[in-house]
Amino acid sequence: MTKTVAIIGGGVAGLETAKQLNSLGYSVKLFEKTNTLGGHVAKWDRLFPNKRHASEVVSSLTLSQGNTQTLTETTVHSIKRENQGFVISANSSNHEADAVVLATGFELFPAEKKEEYGYGLFENVITSADLEQMFKKHGKPVMASGHKPVRIAFIHCVGSRDEKVNRPYCSKVCCVTAVKQAIEVKEALPNSEVFCFYMDLRTFGPGYEDLYKEAQSKGVTFIRGRLSESSEIEGGRVLIKAEDTLASTPLKMSVDIVVLMVGMSPLRSTNKLATDLGLSINADGFIAATDLHTNPTGTATNGVFVAGACTGPNNITDTVNAAKATALDVHNYLSR
Amino acid sequence: MNYYHHFVIPFTAGLLFLVIVVAAKWIGWIKNLDAEQKGLIKRNIFGKASLHATWEVITESLLHRRIFQKNFLLGYMHMSLAFGWFLLIVMGNLETRFFTHGQMNPPYVPIFFEFFEHDLSTLRYKEIFTFVMDFLLLFVLSGVALAYMKRATSKPLGMKKATKHAFIDKLALTSLWLIFPLRLAAESVTAGLYDSGGFFTRWLGEAIVSLPGADMLYYPLWWAYSISLGLFFISVPFTRYMHIPTETLLIFLRKYGIREKNEHTSYTQVELNACSRCGICIDSCQLSSELGISNSQSTYFLKSLRDKKTTDYLTETCMLCGRCDFACPVGIENSTIRLNQRRETPASAINFGYVPTIEASKGKIAFFAGCMGQLTPSVTKATLTLFNAAGVEYTHIDKDATICCGRPLQVNGEESAAKELAQKNKQLIEGTGAQALVTTCPICARIFAESYGLSIPVYHHTQFLYQLAASGQLKLTPTSNLITYHDPCELGRGLGIYEEPRELLKFAGNLVEVKSSKTDSLCCGGSLAITSINQQQRSQIAIKTLESIGANDVDFVATACPLCKKTFTAASDENAILDVSEILVKACTNSRQSLKPEQKQRTKETSTVN
Amino acid sequence: MIDFGFTPLVASITDLDKANVNLAKQLTEQDPSFALCISCGSCSATCTAGQFTKFSFRVMCHQIRKGNAKEAIAEASKCMLCGKCTLACPRNVNTRNIISLVRKAQTTTP
Amino acid sequence: MKLEGKRKIWNEYQKDIADDKYFYVRSCIRQAVFPGSENTYLRIMRDVLKKDVHESAHHTTCTGIGYHTEVVPFETIQTVVARNFALMREAGYENYTPSCVTSFGIYTEILDTWHHFPEEKKRTAEYLKKATQRDFQEPGNMAHTSDIIYKFRHQIAEKAKYKLVNRITGLPLKVVDHIGCHYAKMFPEKGIGGAEHPHVLAGLIEAFGGEVIDYPERRHCCGFGFRQYFIKANRGYSIAASKKKFESMEPYQPDLILTNCPGCNYFMDRWQYALAEMEGKTYDTQGNGIPVLAYEELAGLMLGFDPWEMGLQMHQVGIETLMDKIGIPYNLSEKYKGAKGEDLGVPESPRNIKFYK
């Protein structure tokens, strides 16, 4: 009899795991709480480092699903161990599975928690996700008034490396995202002035440093200092304050749009699913894998696996790699 | 009749010593009060204040009303010891007077009356006297028994932590604890041997003397009783028991209107000596209950100051939240004394010569957001939205540049540095020609009100908004939100503002009252008055405080201080922490229409919106 | 000694072999958060005193670590203790405490 | 220090040095400050090594000082240099050997310029022709005189009377080298051993049996940047540079500082005196200062030349301590006598640094 695998989460991690398990001959049920597949990536316009359209990645993943049974708008309430398998209750119906993969991903840091940055308060303070929406809709950033922005500031590390909001970890992808978005702004609005306020630029992946150089050559100004406060001024513009730490002087400037590079936060709702299954949560609030080095996809509970950003901030490449590894581990488990 | 026996010497000598020392101390303290304080005594000593003071001496020094309020058993223990002993002395004196027909007797006679007189048949109301005297002795002994128990475990008496005492204190304590059991033993043996005494001493005495050789105990017991009394009296000036005579003086001085000033005075000495070291302040202190710092509380600090052995650690390890001031059964101004001690050793060479003079545009109401306000733009925005809705003509005086109000320096003992900043801000405020000053920050509000000497009234924004709401200028429609309110220390215990924010919240939603509120409210942990605790510790305190106000059972946690808001937000991801003004905006019916003009108005800094 | 009309310039180089980093060590012991600064500049940017003068908490700490305690101590006198930096610091450095400790070092160091 | 690593570098930076028939060009500063030292060089070359060294009475300064202080324009200095080259060819020589490191740098720089910008060379030839009616050719080989001594170091050492060894302990003396900045820093491939680990003086020290001391500020300038020293307001900067070197070498307690540049020889010597007088500090343990010698002075001393004949009394820091350690006899009463035994007068004694008279 064909064994069934339940995958919770229809983002990149879930889709890739489903695809692999499908091709290995398993019956796969993919649970997605929203009405679309692709997770956060589906809401993104273009991707670093090659500015490829995010929709390409999402459609390539969704089109290769084969016999995967996709359940969208289906929220998983609980997962219980029963006999040798699991019972997943979602939208008031129960599903049985022989193994479970948590691919629940993350949530974007709620930027309003950083009150002094003015998100949700000042109309031209937006997040990196909001900017992607603007790129999708208009192909360029637009002020709340509809005007064309002339000066745009990207603020790195919003909800990352900040103990004041209980996010002490680095979200890994925001630096290079900011660099990518800064380039896109310069490309869409060549006369605009773009500034990146960073603490440390962490461009560790293939092509990332090239992107950084490209941003510099396109005239993006990098200022080493963390934003400390902001206020709204005439015309809904925003006055921001930071220290130019390389010059050791405080710096203030007014900009038309402030883009907050929101980090990846653990999804508290799915962490409950995990803890109910006996999984542990690490110090940063993400699901802890069995062994960080040798078993990054396994968990303390037999038959339950993790994939992707539910274990911590990750980019698409690493998430896809993790998903493939998870699929293999599930296969080994089910054919033991 | 001539009553005398050598064993009375320890008691009499001890009593004489005590009276002389206490008298000398009182005279010294009163003599060293400053002219203003002496003036208060002269003005009030022959007035109602003295009567009030007497009444308070009875209710507090004897009956221990405040301790009763804290815990019944603890109150009973103190009351039985103090009031019981007092009555024993009074009744003993009456008994002796009656018996000797009004003769003046040496002070030891009523104390040792059972020794001197075995045949009380000529005493009028003999039955009543002997009964009452035995009853009172038992009453006192019940208190002593509770005191024994408290040493063993203080929990049932409502105290988690008892004060740790020095050796001399323990010696005094031992002699005090021995006094009444020895009196009981001496009187009982006497009663047994001579068929005298009351219902209890006679019964006990007969039981004792039926034992062989018990009559040998007669003299030794009376000697021991006298010695324990004498020892106790001699130890009083050197121990915490000095609080017994000092508290009486303190009550009178306080009723005459004398308070701590902004430096130590002779009155401080009275307060220091009036501390009974009961340790109630330890339990009220969150440093102890949340962080396990249980060696810096007021009881320890005051003792160290009394012994002139205080340390930076004791002076500085305090949030100055003021909880212990309100919990103290003696009503000692702990926080003020601690602050004054900080003022004794300011850091050298703080220099604000670089601060320029700032000017702001003119306006009827000067609005000051303060330093913290720049990190809580939503509070400023909400307050100004409400001002606009109510048509307040204001000028936002620290919009572009802020000078700190000086309160954070003040609470760290940097008085002259704080004054320097105050001077600059005063110029700024007075330069606007405003009729009132409104600030969203209780920290600023406190120093504005207490130390600036401004000619215009100072309002915390909750006070000012309350006036607007009460007069109908600000139209509020309650929402169905459940709200709990956290009293900021500087606003509540500091400035005594408890009601206005609550009334405002009632206009805006359903206010849930909690147990630890108002004078008993907990500190958020963000206190600027302590620097040595770290952010994790502050968060630990904040989480407990949120718990105490039932944060998880409501829609919003309201506070009225930007620092409290920040501290709570950093500590908890789960709760929605809002300033009172932010909650009001949600309920304000005339703010929505005025949103547009408000935006225009902000560009002009100062203006009117109708 | 002869005055030739010039004297050897004092090198502006940081010489960590000769630097007196005792204050840095002492501060780290008294408040371990002293070691946690990542020089992001949040404190200096939000600093009330920093609006009017060159005072920077971050730079002060840095100077102490490099052994320039004297300059740093002089700088500490400009702080208003308002506490904004404590709220802004992403690493939970106990800034006000460190200022207080530096000021104390000022009164105790000969 | 890994010697194999150093040797590898030395091998990478070797250059061709002519065997004989040298055209000798003097140094302004060496002539003025240590006049005996160039004579010593010529004695070694001619009398000891039996080489043909020609010197033209018509040769001039390279004008490097003027060039570096922006008094002499580039065109001028090129023409002056070309004239000296012309004199060499006219005398029938092609191996150019300047005594000065600054000059060596100037010649190297100009030859390099001409290589990359032939039009400059053409223009210079025109100027030279116009001004002097002379034609010139580039040298066939160019080497600094310290390169020449380096080349023959083993031959000299063979003939030497003394070694760089402590007479009493038998241990090698500790010597620090200081290479002039313009020797190899601008064109590392033109210096023996390159710019980082030059071998030109180290090889000499080794040949005489001394121990080469590497100290951290080995590469640092002596402070004789022309603009620094010539302007009094900048002299604090100049002396600070030397001080930094002295502080850096002090822990090794060197017995000798060996230089190849006339300016460096001068500054490493004189600033020790100045620092002693300003700050009361010498960088040895005896209050004597560390003796400073140029390569040719050292070679002469090792060969047994009379120190006063070589003009070593012109050194501010006494060489006597070094001679005592090696066991070189000297007669103090002859120190301030002229060649004919006439009394030259004894200089005023410094206060804070030992003075032998």
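We just call them A, B, C and D in the order they show up, numbering each chain from 1.
Following the convention adopted for this analysis, contacts are C-beta pairs under 8 Å (C-beta built on N, C-alpha and C of every residue); 3 or more make two chains touch, one makes a residue touch a chain.
Note that this is a predicted model, so its numbers are computed, not measured.
Participant: Using the touch definition from the top, list the chains contacting both chain A and chain B.
Facilitator: Touching chain A as well as chain B, we find C.
Participant: Report which of C-D and A-C is connected by more C-beta pairs in contact.
Facilitator: Per the contact counts, A-C leads.
Participant: Can you figure out the chain closest to the middle, judged by Cα centres?
Facilitator: Given all protein C-alpha atoms shown, the central chain works out to be C.
Participant: So which chain is the furthest away from chain A, centre to centre on CA atoms?
Facilitator: D
Participant: What's the distance between the Cα centroids of chain C and chain D, rounded to whole Å?
Facilitator: Roughly 46 Å separates the two chain centres.
Participant: Once you find the CA centre of chain A and the CA centre of chain C, what distance in Å lies between them?
Facilitator: Comparing mean C-alpha positions, chain C is 38 Å from chain A.
Participant: Rounded to the nearest whole Å, what is the centre-to-centre distance of chain B and chain D, using the mean of the C-alpha atoms as each centre?
Facilitator: Roughly 85 Å, centre to centre.
Participant: Let me have the rounded angstrom distance from the C-alpha centre of chain A over to the C-alpha centre of chain D, please.
Facilitator: Spacing between the chain centres: roughly 67 Å.
Participant: At which residue positions does chain D touch at least two other chains?
Facilitator: none
Participant: Two or more other chains touching the same residue: where does that happen in chain A?
Facilitator: Residue numbers touching two or more other chains: 116, 163-164, 229.
Participant: Residue numbers in chain B touching 2 or more other chains?
Facilitator: Within chain B, the residues that touch at least two other chains are 374-375, 535, 570.
Participant: How do the chains pair up in terms of touching? List each pair.
Facilitator: A-B, A-C, B-C, C-D
Participant: Where on chain C does chain D make contact in their complex?
Facilitator: Those in contact with chain D are residues 1-11.
Participant: Touching residues of chain A toward chain C in the complex: what are they?
Facilitator: 116, 157, 161-164, 199-200, 224-229, 241-245, 248-251
Participant: Flag every residue of chain A that touches chain B in the complex, lowest number first.
Facilitator: Spelled out, the residues of chain A in touch with chain B are 113, 115-116, 118, 121-122, 163-166, 229-232, 234.
Participant: Quick one: in the complex, what on chain D touches chain C?
Facilitator: Per the stated touch rule, the residues are 232-233, 235-237, 239-240, 243-244, 274-275, 277-280, 351-352.
Participant: Applying the document's contact rule, which stretches of chain C touch chain B when the two form their complex?
Facilitator: 31, 33, 46, 48-49, 51-53, 74, 77-78, 80-84, 86-88, 92, 94, 96-97, 99-100, 103-104, 106-107
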